[in-house]
Each structure stands twice: as structure tokens, then as C-alpha cells.
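Chains here go by letter, A, B, C, D, E and F, matching the order in which they are written, and residues are numbered from 1 within each.
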């Protein structure tokens, strides 16, 4: 089965910083990737635009355009559900739209936020919506077109302050071959420039840990880059490794 | 690199019930597997033999012979360190012998008991010895022949009462293709006949869960068999799946 | 005080698989048992009926009829709140109806789902409704007829994948004397035939653990059957045992 | 089977403050109770005696005599293993003596300290010794006279700073009928007079919680006294209550 | 910056029992304190008034008047949002009013309930509202007058049954100098007279622990009084102490 | 009371990377700081020296000299107990020497490793020795010269892979004013040059989090540096902040 990645992101930029490598890896191998932004992050993650005096609608347009460029750089399709942020509220409508997307896309892998974040309430809400819609899409009795969904694994990507969110890296994904692509995608989000180096440093740090868990400690001098993930369901495999 | 599996088992029978499938999978694919039994389980897991009036030495010989047959059925090499059970005590000697084995075998995967077991104190002790020796073997400064060990992943196999041991299945390993081999190995341990059906039922149950986490729920009628494992270190990978 | 058991179940079948033994034990001793099904499980747990082409109303009727038969076999009264499943949503109405039932029934023991279940979002929702209504029913100021409720203990019954739901057996209930009754009740749910053997195996497994925790290990050959539960509140007792 | 309680206590006074009610309840009902003090608490819990200038041997004699009086008041037999405190070290000898006691006494219930205590390292050590000896005593192959032990439940009594020790009351034991006896026993330990009111207040507080979890909230004015315990193994029962 | 304390309390009395000392300390030093009662506790915490036959509106008036007196005794301003208790439901309106208050008051410290309470569902709901409003108030894009909020630390005060609520004292606040003031405030709540001694005993107990963690064990005879708190965010400091 | 800091470090370099800022802050304010290195890290943390062919004694001398220079740069006294690393084993002797040091130094603050580290078994062993000795030093009955120790708070410094060690930053210490001093101390350890940038990046990252938890989000552009710590005991304070 060919790889089909679905990323459910609370705000327009989240998928770039936290899962850009996974998205680029998938598309670089010929798989498809779809990013669903539940909101534009217009209120909660656009401080600079507000300080510059833009209106709400302008800010949404700016964020949308930036996120489209970033998705484009990563080779991903992107959808905006415009559910409103800060606070993002769960609703029947949003969940239902996501169920429809699951049925249509039949993703083989799902990425979203972790379930706790004391600094940003929208992130756990987005994760719960993504998880609930996935389970609903599995039920033949749920009224949406398409076949019932299988059981694609779910991974949580790394939050900004991992230790305060109960985030423990369980999977270290080697994103070295696509890290330049991720950097290009980050470059599409100029309002958060301080994040570029922050997430580059993080990728280096996770890379060091990847090597530490991967085999002989070769001196920690290389430039391996990694992203960290947690699993929500057990791994299914035919080989321990 | 060809697969080299190391199983560190507190007593002579543990590796059969709990990791027999993983061992058989490895050897069936052309990898090598080595089982290290720290003790024969002569005091703690040989109730029937004691009731039949055997001496300590006879019991050790019986358990050794049974375990050798089981290892043979699984295609594995087996070593006995005879450290004495109930209680198994950590010692410099045992740890050092295990470090030597790590350096010699250079395993690519390590299996052992989980770190908690309120019903059997030897199991966590065996796990701690296995983990400590692995870290020591990684240090170039540790005085043992051979190259420093890399960083082989460590998996904990499933204890008898998983929920009381903090055991949560993180990896469900499909052992269907080798389950007959595992059954043959279990047959080499006639004193614990009630375990045969117990561990066959468990493999069925874990198989049901494997399917539930692997994709479409196809009706739960098949005969998939699985073993459950936990990871001690993060998974390192080039692909989320 | 005579025993009065209340079971709050998300879907029509849950109480049979997971608490059928406890219900039968209560009624076999002359106590009363009431099962409240918040939904029929019409969307989420009726895959076969959907595949056979039934309509929503037909499926609800089928599930209702089956659940009535099963409750009858167990000697229990059954109520259906028809709140709608997949997703079951909390609502003022459902909670209020449940408060009225608590006040009317004055249960001495309450059973419901555990608070986590990554495979089925309706289960934790049902549990939260059951717990909230219980606390509201205790307050004299809550506007519902009848005396304020006392403090009946709450037990969570075992979910389908216990380890993934944070479920640790804290109470092992010996249901051997009524296990045939439970099997009859399971027989009333023909659409989920694979569950019959699954939950019989589980009862055997929990029976083995019961004996392991109950006293001398008599050989694990007997046919003790058990159900596992967790407590939500501390046990109150006049004797440690 | 008649009740036989075994209390494993790190120091001479621990069993009085923390389990005096349970001991008195047992003996008041015609059961037997044995207290094993691993040490006299001569170094770690005898500050006043040291300040008064007593020698080590004098202090041990004082503590022994006080503990004997307290045990006497509670109707319990008492044994001193004199293993040395601050630090109490695990040893083959102490464990073996305790295995012999388990085999001899065949306790139906075991009480000891919880497994964590950041304020007193001897307490967890005592608990681990008590637990290890219990498991060893169950094995027919362990060389000690008497029948193998069954599986008596183990309860942890409440430490001085419960929240810092991971202690969550799981069992609230009503000790009202014997609370005067407990107070007499506390009176036998004059050097720790500030503890009398401290543990009387605690019993009142746990009594309030007992009533809160036991049924209708009758106004919290009564003088119910309780002790709190945690379970190490699941409860085995024929009735949920 | 001068100290500005904000207490978010589910019911009218909570802030007195659990945070009265902290409030009095703040005002005694010249800082300001504002208490926000989301409800009057008219249904869930006014059992006596209901038994005396008062109407809902009378009870709200009584509770309001008592809470005003208590706040007055502590030197605090008090606000009532009258959101309705048992159950307290989250709503856009309440959250928005609280955001406005955060922006207006610019508190330097925030106190509220912990996030779990199996005995009282309103408490965690109040905490979540308090936390969510705080994060929203930080976002420049949230439509409310005033400057965006900084990042005031949040402390959870101690619930009635701390161990059942996952409450572990992380901060022991010495309230000895203002304990008489707290007692006066408690005296303003005559309907819950049994709480006066309960919370005085608790303050003594936390005082004993404070001394145990503060330095030399001086004999535990003094009358230090303390309140316990948990932190929701990491402490920021220029000195370890 | 003037500040007296004690750092208990498993190997010669640990205190520099993980607590250099706290040490420098203390001495920069006129307090004293003592570092106790239980071992030189001669086997486990000297890979380069082994690869260069040095003998064990040479390596110890190199590590000692480097650590002395680093301590000097930080203004701290340093002691080496030479207990032997990889593995570091607990012993009566080491503990007793540390008790003597606690009595002699009467530290007001203690820093050591956290209690878990799957990558380095010596770290938790060092922490347990440090904690045990602290409790023993508090007991007047422990035979060592000097007054019994008070109750200095204990902080765990940050391990190399914090999330895998259960490390959650609870205290963010602003070390900006002394960060250059810390960098000088790091420069004294030339064999681990890759650590210089690693721990500089970490200090930046913790600095960003400090600001995020300290007040208004001023743009994350500044060069605040921080170290993260966990507390082992509750904080005692006269003011919530």
C-alpha cells in the first residue's frame, strides 16, 4: 500500500516546525501527504501581525498564504477548516468534516499534537478532535461516504516545551536527507524567524540522541537531524528492531 | 548487518513462554540467537520436581536438559550461568561474564524481563543485570576483550501478570509463521503443562490486538498469533509506521 | 441493607461481556441489579447488522432486544436512554435522567467503564456521565425527587484492551458459581460470537490470577472464573483481607 | 482459617503509630498478631535518648522495652531481629530469618512500610525485605522448614508524610472500637509524645474520609477513627463492596 | 512590581479554607488580592441551608454575604460570576469574563483548584476555566481591552482529600503570622463549623512538614502553620533554595 | 545563614556541564561551593583517552587535573573519593565519608543527579548515595563528628537525555550573569569539546523557557541562559512566586 500521511495541526504553522521532516520524507519517497489546519492561528500565534495593526481577516489571509507556501515546499496538499483559534472549540461540524477526510484519504499514518500542553490549550483540543474523528471513521455505521477506515498508527509530534507536556521521545525519525527541504519550509514563515534556529538546534539535539540510541557512539560530530514522536497505539511489526 | 539476538532470562524456562516466537522468527530468517539463563530456576520454578523428591542437583540437571531441548527447537544457542535462584543476587562475577558475552556476540537486539514483578523478584534482578552489563560493554574503558558494544535496542518480554508489573504492550510482534515451532519448544517443558494452553491463549489474545492495531477489523476470526514487548529505549527509524 | 447494583453501560452489549458475572452474582444472592444503556451501540458496535443492510431503526431494535434478553438471563432490569452513539455526547438531559435514577434506585454499588479508552471514545464519556451524576445525586440542593444519594463505591469493569486503557486489576471477583449464567447471557448476543470464547478465555485467565493472589498455589488446574475491576474510591472496611 | 497477622516494621515504634489499630482489631477478634522489628531504631529514631547521653546498648534496651509494652497493650507477640538501623542494610541472614518466620507463622495478612520514603531510607528497605521473604517462603524449593506459604495479601501502612511517599489511601480501616487500645499502646512510647496527638489527629482525619466514602454524609461530627492502607496485590473477593 | 494575587474559586467558601493564609499574607504585605467565585456553591455546598428549608435565591444571598465577610477579613476584593454550580459548566461567557479580569488585574500570582477531584466535579472545571482564560489573556489577538497578560505562576491549593486528587505538596507556605486572620475568615462561614477545626489541624500538620523540610528537626512542638500548594508551571528563580 | 552549596557528582565532569551555572552563581555571591566527585569517570567517560592508549592511572590523573581546573574556574573546592566507575558500586565506606562531609560542611543546598538514567547506571547510584548520606547525617545517633545536619533542599540537575530519565524541569535557574564563567569551566574539559556547544545550546533553550514562564513574551530574542532542576523535597517559603 502506498504511503498516505495525514497531519492534523491546530494552527497554520505547527506542522512545519514539528513534523516538516516527516512530511518531506513521505513525499520524497513518492507518498502523499495532506495537512489539515483546523485554524489559521490568527489570534494565538500571530503576535507580530497584531502588533503591526492588521485586521483579523488580513491575518488569516497572511497565515494561510504562508502555510500554503510551506506545504508546497514540503510537497504536501493543505486544507484549512477555519474553526477559529484561541480558543479552538470542539464541534460536531469540525469532527464530521475530519471524518469525511479520513474516509476519503484513507491515510496510512496520522500525525497530530500530544494530548497535554499547559501553554496552549488549542493543541490538545486539536489532538482530541483528530483522534475522535479517526475512531468514528472506522465505524461502518457512521454516516459518511467511503469505506470504513482501517487502523492507521497515530504519532504525536514534539511540542515546544516537551517535558511540561508529558512528551517522551519514543520514536526518533532520521530526517537528515530532507532537512534542507524542511528549512525551506520554515523559511516560508518569516514572522517567526526566531523559530528557525530554535528548531534547527532541536533537530541537531534529537539527532545526537538518535545516534546515541542507534549504535556505536561515533563521536557525536556528525550532522544527523531528527524529529521526535510518541506513539498513541502499540507498534505492529514482523521484526524487533 | 545480520541479526544477532540475545535473550537474558532469569530461569531456564522464561525465554520459551515469553520470547519463543521472537527467537524462532530470528533464526528462521537466518539470524543467530543466544539465550543466557542466569539460573536453572531450580528453587523457584520447579515445584513439581521438588514434590517428586528430587535433589537440588538433579533438578538443575532436569531443567538444563529441558531448556537445551527447547533452545534447540528454536534454533538458538544456550548458555547457563548457574547464578542460583530464589533469590537471584546481583554480583560482579555475573555482570562481568555478561559483559564478556555482549562484547563477543555483539547482539543487534536484546530481550529480557521487565523491571517490575511483584510475584517474582528474580525477574527484575535479571533485567537490571542485563541492562547494566549492556551499558558497561559500551565503554571502551571496561576491561573485557572485544570491541565496545554499539547500542542494540532492548525489549522487555511479557510477564505472567502483565498489569501488575507495569507492562503495557508497545510492540506487537507477529509470530504466526513460527508459532508451531514455539509450540514444539513449549512441549520440551513437560513439568509446566498448564502453561502450554495459557501461553497459546495469550498469543491468540495478543494476535487479536495486533489485528485491531494493524488495520481494518476483518472480523477477528483469523489465527494470528503475537507476542507483546515493551521498549526500554526510543525506536530509531527512517520511516513512521 | 440489601444489595442494589447499578451498571452504567455506554452501549447495549458492554455490561454482558464485562460485568455479567457481577450482575449474576448479585441477583443470585437476592439483590437487585439495574443496567442503564446510554445508547444501543447502533453505529459503533453493530458492524455486522450494517453490513447486512439494516436501517438505523432496525439496528436499534435488534440491539435492544438482544440486550433485554441478556439482562433477563442475568436477572437484571434494563433501561435504555437512547442518547446516540459514535459519538456519545454528554448532555444536561442524560445526566439529569441518570441523577433521577440514582435517587430512585439508591444503588449500593455502581459499575461503569474506565476513564480511558483509546479505541472507543464513548466508553470514557459514559464513565464520566455516570460519575458526575453520582456526585450530583449526593447533593441535597440538586433538584430531583428522592433522598440524596449516599456514597456507593464505584468499580470500573475491564475494557477490551486493558493495558492500553490504564486498567490494572485491583479486585478479582470470583464468578465461578454464576459463570454458566454469564455464558447464557453472552449467548443472547449472536452478532458478536467471536466474543464468547474471547471473554471465556479472559475469565479463565483472571481466574488463574485470582488463585495466584488468593492463597496456596494449588496447581492452576481448576476452572475458577473471575472478572477484574478497578476502584475509583478507597475501600471502606472493618477488616483487612 | 483463623486470622494471623504479621507486621514487619523497620524500627521499634513504627508498628504502633501506623498499624496499632489493625493489630488491636485482629487480636480483639481472637486472631493472633506478630510484630517483627528489624531494628530497635536505636540510631535513627531515638534522638531524645542520644541527647540525654545514653549509650547505644542502653538505647536499644529502652526501645526494646517500650516496644514490648506497646505490643503487649495491643495483644501481639513481638520479635526483634536487631539488624542495625541508619542504615538498615538488606542481608541474606535477615531475609532468611524472615522466611523461617513466614513458614512458621503462616500469616493470613502481612503489613509493612510502603516502598518509597524520601525521609527515611530504612522504611523502604524493610518493605523490600518483607516482600522478598514472602515470595521466597512460597517456593517449595527454598530450604526452610514448614509448608510453603500461601499468598497472604500485603498492605502498606501510612508513612509520616504520605504524599511525598506516593502513598494513596486505598483501604480505610475503621478502628473506632479499638482506638483506646491504640492510644494505650502509643502511651508506652513516652519519648515521642508529640506523636500521640499527631496520630490521633490523623485517625480523626482518616475517619472523616472513611465516612465520606462509606455512605451518606451524616454531618462529619462523629468520632470515627480510621487507619489508611495501600494494597500491593489485587484484592480477591466474592462480592463487590 | 507590587504583588497582585488572583484566586479563582469554584464556590463561595473554597478560597477561605484552602488559600486564606496566602491571601492574608499578600494583603498583610501591602499587595492586593482578588477572589473570583465562579458560583455561590448554592446547590453543592449548602446542605445545611437546604435542610433548613431556604430557597435557592436565599441560599445564594447567604453564601454571598458570608463570602464577602470572609474576603473582608482577609483584606481581599471579591467578585461573583454566578455561573451556577452542581454542575458548574464551562461556557464562553464565563471564560471571557475571566479573560477581561486577567487583563484588568494583571495578577502576579494565580491560585486555583487542582485538576482532579473525584468528590467534586466543579473544582476541576473551575481550574480548567482559570487556566484557559489565563492563556487566552496572554494572546494579543484575543479581543479584550488591556495589555496582554504576562506569565504569572499558577498554584493549586489543597483539596479536601488530597491523596485522592493527585495532590502532592510541592510548596509549603508559612502562614503562621496571619493564621489568626485566617481563623477570623473561617469564622465568617458558620454553616461549616466542623471545617474550622479540620483546617486548623491541617495547618498544624502542614506546619510540622514545613519544619521537617526546612532545616533542623527542632522537636515538632512549635505552632508553625502552613498551607500546601502545587505548581502548574516551573519555578523561575535566580537562586536555588 | 551564608550559602553553602554541595554538589555530589558521579564522574569528574558532570558538575560542569549540568550545574556549573549554579556553582558559579553561589560563589559569585560570596557563598561557598564544594564538589564531591565520587569517581574520575576513568572508565565510562574517557573514551578519547582510552583510544589514545593511556593507562588507567594516567586517565585518572588527567580527569582529576581537568576537574580541578574547572572547579577552580567556578570558585569551588573539589574532593575526589575515587570509588571506581563503570560500575560505581554503593559501599559503606563511600556513604560514611559523605556523611562526614555533610556534617563538616553543613550545606544549605545539595545538588546531584536524578534517580533514573537508562544510559548511565552510575548517575542514579551517585544520587542514591548522596540522598542516603544526607538522611544519615541528620540523625544524632549516627557516629560521625559534628552537629546533625538540618534539612537542606536537594535539587537534581539535568541529565543528558532528560525525557528518558523522567526529568521534568521544575526550577529554571537564571545563570545569565555567570554564563561566561561556566563557559570557561567547560573549556577546562578539552576531551569533550562537542559538549561545549551542546550545553551552550541547552542553556539557550532553557533560557527561552525561563522567559516563557517568567512573564511577558518579549520576543525570544534575548540571550538569557538557564539551567533546569528538579526538587526532591517540597519547597519551603514565606511567599508564593
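Here is the rule we use: a residue touches a chain if its C-beta (ideal position, glycine included) is under 8 Å from a C-beta of that chain, and two chains touch if they have at least 3 such contacts.
Chain-to-protein mapping (UniProt): A, B, C, D, E, F = 4-oxalomesaconate hydratase.
No experiment lies behind these values; they were computed from the predicted model shown.
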item	value
Neighbouring chains shared between chain A (4-oxalomesaconate hydratase) and chain F (4-oxalomesaconate hydratase), ordered by label	B, E
Most distant chain from chain D (4-oxalomesaconate hydratase), judged by the mean position of its C-alpha atoms	A
Chain copies touching (chain B (4-oxalomesaconate hydratase), chain D (4-oxalomesaconate hydratase)) - same or different residues, decided at half shared	different
Chain B (4-oxalomesaconate hydratase)-chain C (4-oxalomesaconate hydratase) separation of Cα centroids, rounded to whole Å	37
Distance from the mean Cα position of chain E (4-oxalomesaconate hydratase) to that of chain B (4-oxalomesaconate hydratase), given in whole angstrom	52
Multi-chain contact sites of chain E (4-oxalomesaconate hydratase), meaning residues that touch two or more partners	47, 119, 164, 169, 209, 212, 217, 233-234
Chain pairs that touch, as defined at the top of this document	A-B, A-C, A-E, A-F, B-C, B-D, B-F, C-D, C-E, D-E, D-F, E-F
Chain B (4-oxalomesaconate hydratase)-facing residues of chain C (4-oxalomesaconate hydratase), complex	47, 119, 161-164, 167-169, 194, 198, 201-202, 204-205, 208-209, 212, 217, 219-221
In the complex, chain D (4-oxalomesaconate hydratase) residues that touch chain C (4-oxalomesaconate hydratase)	5, 22, 25, 108-109, 111, 138, 148, 150-153, 155, 169-174, 209-210, 212-217, 228-229, 231, 233-241
Complex contacts: residues of chain C (4-oxalomesaconate hydratase) adjacent to chain E (4-oxalomesaconate hydratase)	95, 131-132, 135-136, 139-142, 232-234
In the complex with chain A (4-oxalomesaconate hydratase), residue positions of chain C (4-oxalomesaconate hydratase) that touch it	42-44, 46-47, 50-51, 56, 59, 86-87, 118-121, 164
